[in-house]
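Next come two complexes, and both contain chain A; in the first it sits with chain B, in the second with chain C.
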Partner chain A sequence: MPAINRDLLAPLAPGGHGYVLLVVFLSAIVSAGAGAWIYQIETGMGQTNLHPPIFWSAYIASFVYWIGVSHSGTFISGVLRLSKAEWRRPITRIAELMTIISVVIATLFVFYHLGRSWRWYYLIPYPNQREIWPDFRSPLMWDATAVFTYATASTIYLYLPLIPDFALARDRIGGWRRPIYAALSLGWQGSQQQWQALNTAIRIITPLIVMVMISVHSIVGYDFGMSLVPGWHTSIIAPYFVVGAVHSGLGMVAIGLYVVRRTYRLETYIRLEHFDKLGKLMVVMTLTLAYLYFSDQLTVWYGKVPDHMAVLHSVMSGTFAVPQWTMITLIYVLPLLTLTIPAFRHWPLGMMLIGLSINVGMYIERMLILIPPLSHPRLSYNWSDYFPSWVELTIMAGSFALAVLLYVLAVKFVPIISIWEEKEGHLHGRESQ
Partner chain B sequence: MSAGQEKTTEARPHRWQMVIDLDRCTGCEACVVACHAENNIRISGAQEAAEGRAINWIRIERYWEGEYPDVKAKFMPVLCQQCADAPCEPVCPVYASYHTPDGLNAQVYNRCIGVRYCGNNCPYTARQFNWFDPHWDPPLQEQLNPDVTVRQNGIMEKCTFCVQRIRQGKEQAEREGRPVRDGDITPACVQSCPSTALVFGDGNDPDSQVAQMSKSRRGFHLLESLGTHPAITYLKRLDE
Partner chain C sequence: MVENHNRVGLLALFPPDADIDSSRLRLEGAGIFQEQITLLSPIPLAAPKTQATPPFWPYGITIGAGLVGIGIGLFFSAGTAVLYPLVTGGKPIVAAPVVGIISYETMMLMAVVVTFVTMIVRIRRARDLTVDREARIDDGRLALSVRDIHDDQEATVRKILEEAGAQDIRSVSADLPLLESQSPAHVVTMLALCCLAVAGCSQDMQEQQSYQSQEAPRLHSPSGSIPRDSRTVISHEALAAHRMPDRAKELFRINCLPCHGESGEGTGPVAPYLKQLPANLRASRVRALSSTEIYDIITQGKDMMPSFLGELSADERMVLASFVQSMRPDSPPAQP
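Right after this comes the complex of A and B.
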């Protein structure tokens, strides 16, 4: 099958002027973000617009958002691999790369957030003379543990199916990259024994990664759920976070599919049926998320506990009504109005736009989880309001640019579609005919 | 007996408590000033105050009641409630916020890394964060209290019940070979209150003024239903 090798290794060729320009442009934004962070460390957290009682905001919201996006890979790839869905084949790698990169970006936001980021290692349980360990009663420690596990597991999960593809790249691509591919392919020769070992490894890690994925975002939810803050203290927050994460993750996959397909002319591999299937999955997630959201808000509204009602009023008709209704439109109304039409799901550009709409909406949603509840503590004397400062906005933009930059660079090194799995799919297709 | 008083029988030599008589508070803020002077609280300035970042370990909350022209201003001093079951403690990942053997909620400044979860989880918004490095216009730096740490940028801080004075009082009593007497220890806010609205003492000493007053029928705890078991008892206003 030389055509498939040629097509799917083509993106690894050095990029043209446009590519270099894009990298330079993204690097510029990343540098701006890095500059803003250095400025914040030098002068103090006062460069944000945080103030009591709002001690968490844009950085933590971004952390939650990026952890959410990372669920693209694990959900699409893990769940679909488990269920042996054939249509997953061209999508898994695109999604898994997103996972790794978004976990990295999310972790960065933890560091932006720390008041003394240079003392971050107090979070690590290392033996020390004073015999102080981190406090594992704190949900933040659960979170640190979960994110570390998730980052490790999803790196392995990305790497395993890459081994045969690295071996292919080693054999087909010369130059300075050959020794790197050779090292990364771990001496892969494609023997029967090696294939068996690889398939067993993938079979073991796939269910594990799905469980880790669910636990990670549940624990991110617990960061809020375990507190006493009205509006956070709810048992539905863990499943709500997981489903919300998958929602934004699927949206991001739609964007990725569209861009990769268009840039590298992969129409024969990423076909309209893939957009269609993805669209159906997105409808399921939209409805599930809407159901959880409705259950939560209805309970608050019916209960009429004043502390909780203050938060609900502020989002439904008060200070935060504009972002709230924008969010509802972007993540529930628009996806449901469009994705339920079969013809729309076969329109790649439209699918990309809906993915964008969901992601913008989910970013706002993460902000709305943080800010309105914190703005309304029980002693109403302390009520307040918040909008990110330019330092926060620059750091957020820089981190976003870094995510795109890492992806753009990764595409030049990692075959963006799993070549051997694609071939396997072709064989399966032939056998079943 | 309220839920807040169940914990008074803990096997601790002292249980430091405060009573705030809202009927006596005039809202003069002498306590706020005294606290600033005693505890090296940074001077925030107009700009930071406007941004809501003025650090106060004790503040006078002002609530308006009624409609104009029949309006009443009600004052309520709020400081760290030194909860027996403090929501700020378990959420700290590095034990910076912890319960001392004396039953106080301590903040260990050099352990704090500034995740600020404690600030979110304190229902009284009593915790404050250092958004910048501290600064005192000369000659104010000359009056810093040598018994109290100056806090750096990036960490949380809050009322300590003037732990330096508690320690001083206990050491003095030990030197003189006697137990701590009621009135030996006075936090700065209590000392400076012109209307004696604030009373401090050892709740384990049944004859202390604070133990007597906290049994008052006017007594209540702030946000008592949350089960934080505060060490501060408020006494209701008596007007009308």
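Right after this comes the complex of A and C.
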């Protein structure tokens, strides 16, 4: 156990030159993104390439993508904890941190898209002199409610197993962080009543958060599915969104596992077995997603409804064919070709690259969900095309850098592997042998 | 209880495989209550066999909170829909699927948050202030704290602990000062109070009814505003004299020109589309009218001409009346 403490608290030590350089580099990109946003606020939404009939585009696609990535933590940690999978232990914290950071980034995209973002509070129902009341029949209100619930619940879910680790950090790490750890550890001593309270809370909240997770991305799917736009109006959209979200989330976890393991030399904790299990899970998700996608497109193709066919044609062989087939290669073909080989799943770098491929593919996929249907409305007189403007691209890059920056900073504050759960697993492993 | 005896606490460290359960029983045999004993461990331990099944009440709290959450969802999605009936998209004002979705989310929110808060309260309550945090347990030891014991019991307890295999026994002062003299709760409360000051940054003034830049022309004065002058107080002449003709021209251009035309001859751009031709304001028939009569026509309308009562203030109508009256009857009526 002293070894576990030493190894897993080591990442909290102040970073070296490389770390500082990375933080400065990321901050620069974040500042560029912030500058672009200020510019967009100053000069108006005309800085984006939004135009009739395309009123939802890069920002909303990014919102959907980031909410999707946030499913990594909840799925890995929630579902695996529920099923008492032992191999979850070193992965949960890495994934839960991703969840909370990507929910923050996703929320930011809503604000970029709002245009007059300082009026965001119009969404909150409270008696006001404006005589404005949000219409709860709009899926966007469901979305706001669900994302708020999800953000709150996943913050709590990240925090719960952190309490004993914060107590450990409080006792072992001095400096400016000590009072913060002390406050966050809630006076944790490790008495049996405290353990019981904590475990009961985790046991109650875990199934709840899995149910919230499924509802959140379903509702994000409803944002599209409830409209009559050809290409969006399909009943399969909710499960398709949820599975797609988990797909990109698992990819992101593979990247995180690889980077954390390599940077902090945690090979004894994040073992090849973990990559192997994750790879198997990714195969299941790839197949499920492919199955849902095929069912959806087959229905459209067989139905031959002209409005829907216009969208399908533009995607399969028209304007959007290149991104479409890139996407299919990245998220279906490559993962299936590689992850089904057992030896490949034991190759961390390869797993990371597949995670990267899935995430690039899923970003393109989110764009393809939005833009082809919007650019082919039922009346063909204003069919159109879209590519993000430099302002949109800068904001997207800045947000991505912000996600990485927050993660890099969080690693210095939060033990990246749940220390007490690792100890518990160690003990279980010893008993079962 | 007893007189002010010296009361002490003991904290013993055990190896991870120590038989804590039996030493607990022996301590109880020596007259120590269960409440005085706290076992500290680095990981949750399996509950001792003597302990009953865990209580149901934490689940009950979660379920109760979920029910309250459903109530909140019902209130917002159904209650407010009744209060603010907005008809859109052919859906009923209170739509069951919507109520279901919103209530589901608020149910989850309340259940998770309340469970979390309950857990915080339980962890804080279970904190034993006379036991300092024993950092060494994180290296895999177990710690047994026995507190609030009489000094005559101390030797017995020490002996039991030593026999059970305790590696290190130290005494803890029974009335140890609080762990944190300034609890984080104070800091949080102070921060929350400071946050209240943010309310001072309200920009409600910017929501008032004054004329904003880029705002479309306003047709009505804000309700409740008091006219500064009206025709009962100021004479037409005085009014006409001190009004700038520019203003009158502008009002004429906005309100009259479409029908009556730039020169007032009834040849405006809209005139060809009207069933009945607009009046030529320079005709002798109009010239014969007094400014009060013209004012009344502007106010109430005449034949095809609509009333401008809602569009223009009394003041503006009067300025226009004077302006129309001041037009010179120089050219013959134009026939489109």
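As a working rule, the second predicted complex is superposed on the first by the 431 of 433 C-alpha atoms of A that agree within 3 Å, B and C clash if a C-alpha of one lies under 4 Å from a C-alpha of the other, contacts with A are read in each partner's own complex, and residues count from 1 in each chain.
Please note the rule applied: a residue touches a chain if its C-beta (ideal position, glycine included) is under 8 Å from a C-beta of that chain, and two chains touch if they have at least 3 such contacts.
Only a predicted model underlies this, so the values are computations on that prediction, with no experimental measurement involved.
Peer 1: Just checking: does A:381 make contact with chain B only, chain C only, both, or neither of them? Give me first, second, both or neither.
Peer 2: first
Peer 1: Where does A:10 make contact in the superposed view: on chain B (first), on chain C (second), on both, or on neither?
Peer 2: After superposing on A, A:10 lies clear of both chain B and chain C.
Peer 1: Quick check for you: in the superposed arrangement, does A:167 touch first (chain B), second (chain C), both or neither?
Peer 2: A:167: touches chain C, not chain B.
Peer 1: Is A:209 contacted by the first partner chain B, the second partner chain C, both or neither?
Peer 2: In the superposition, A:209 touches chain C alone.
Peer 1: Should A:321 be classified as contacting the first partner (chain B), the second (chain C), both, or neither?
Peer 2: After superposition on chain A, A:321 lies in contact with neither partner.
Peer 1: First (chain B), second (chain C), both or neither: which does A:156 touch?
Peer 2: second
Peer 1: For A:337, is the partner it touches chain B (first), chain C (second), both, or none of the two (neither)?
Peer 2: neither
Peer 1: Once the shared chain is lined up, is A:135 touching chain B (first), chain C (second), both, or neither of them?
Peer 2: The answer is both, since A:135 touches chain B and chain C.
Peer 1: Do any residues of chain A touch both chain B and chain C, and if so, which are they?
Peer 2: In chain A, positions 135, 137, 141 sit in both the chain B and chain C interfaces.
Peer 1: Please output the residues of chain A touching chain C within their complex, sorted ascending.
Peer 2: 1-2, 5, 125, 129-130, 133, 135-137, 141-142, 145-146, 148-149, 152-153, 156-157, 160, 163-164, 167-168, 170-172, 182-183, 186-201, 204-205, 208-209, 211-212, 215, 219, 420, 423-424, 427
Peer 1: Note which residues of chain B are touching chain A in the complex, please.
Peer 2: Touch list, chain B to chain A: 48, 51-53, 61-63, 76, 78, 87, 90-95, 111-117, 119-121, 123-125, 127-133, 153-156, 222-223, 226.
Peer 1: Show me the residue ranges of chain C that touch chain A in the complex, using the header's touch definition.
Peer 2: 38-45, 47, 54, 58-59, 62, 76-77, 80-81, 83-84, 86, 88-89, 91, 95, 98, 101-102, 104-106, 108-109, 111-113, 115-116, 118-120, 122-128, 131, 133-135, 137-140, 143, 179-180, 184, 187-188, 204, 207
Peer 1: Using the touch definition from the top, list the residues of chain A that touch chain B in their complex.
Peer 2: Listed in rising order, the residues are 43-46, 49-53, 55-56, 113-117, 119-120, 122-123, 132, 134-135, 137-141, 144, 223, 226-229, 374, 377-382, 384.
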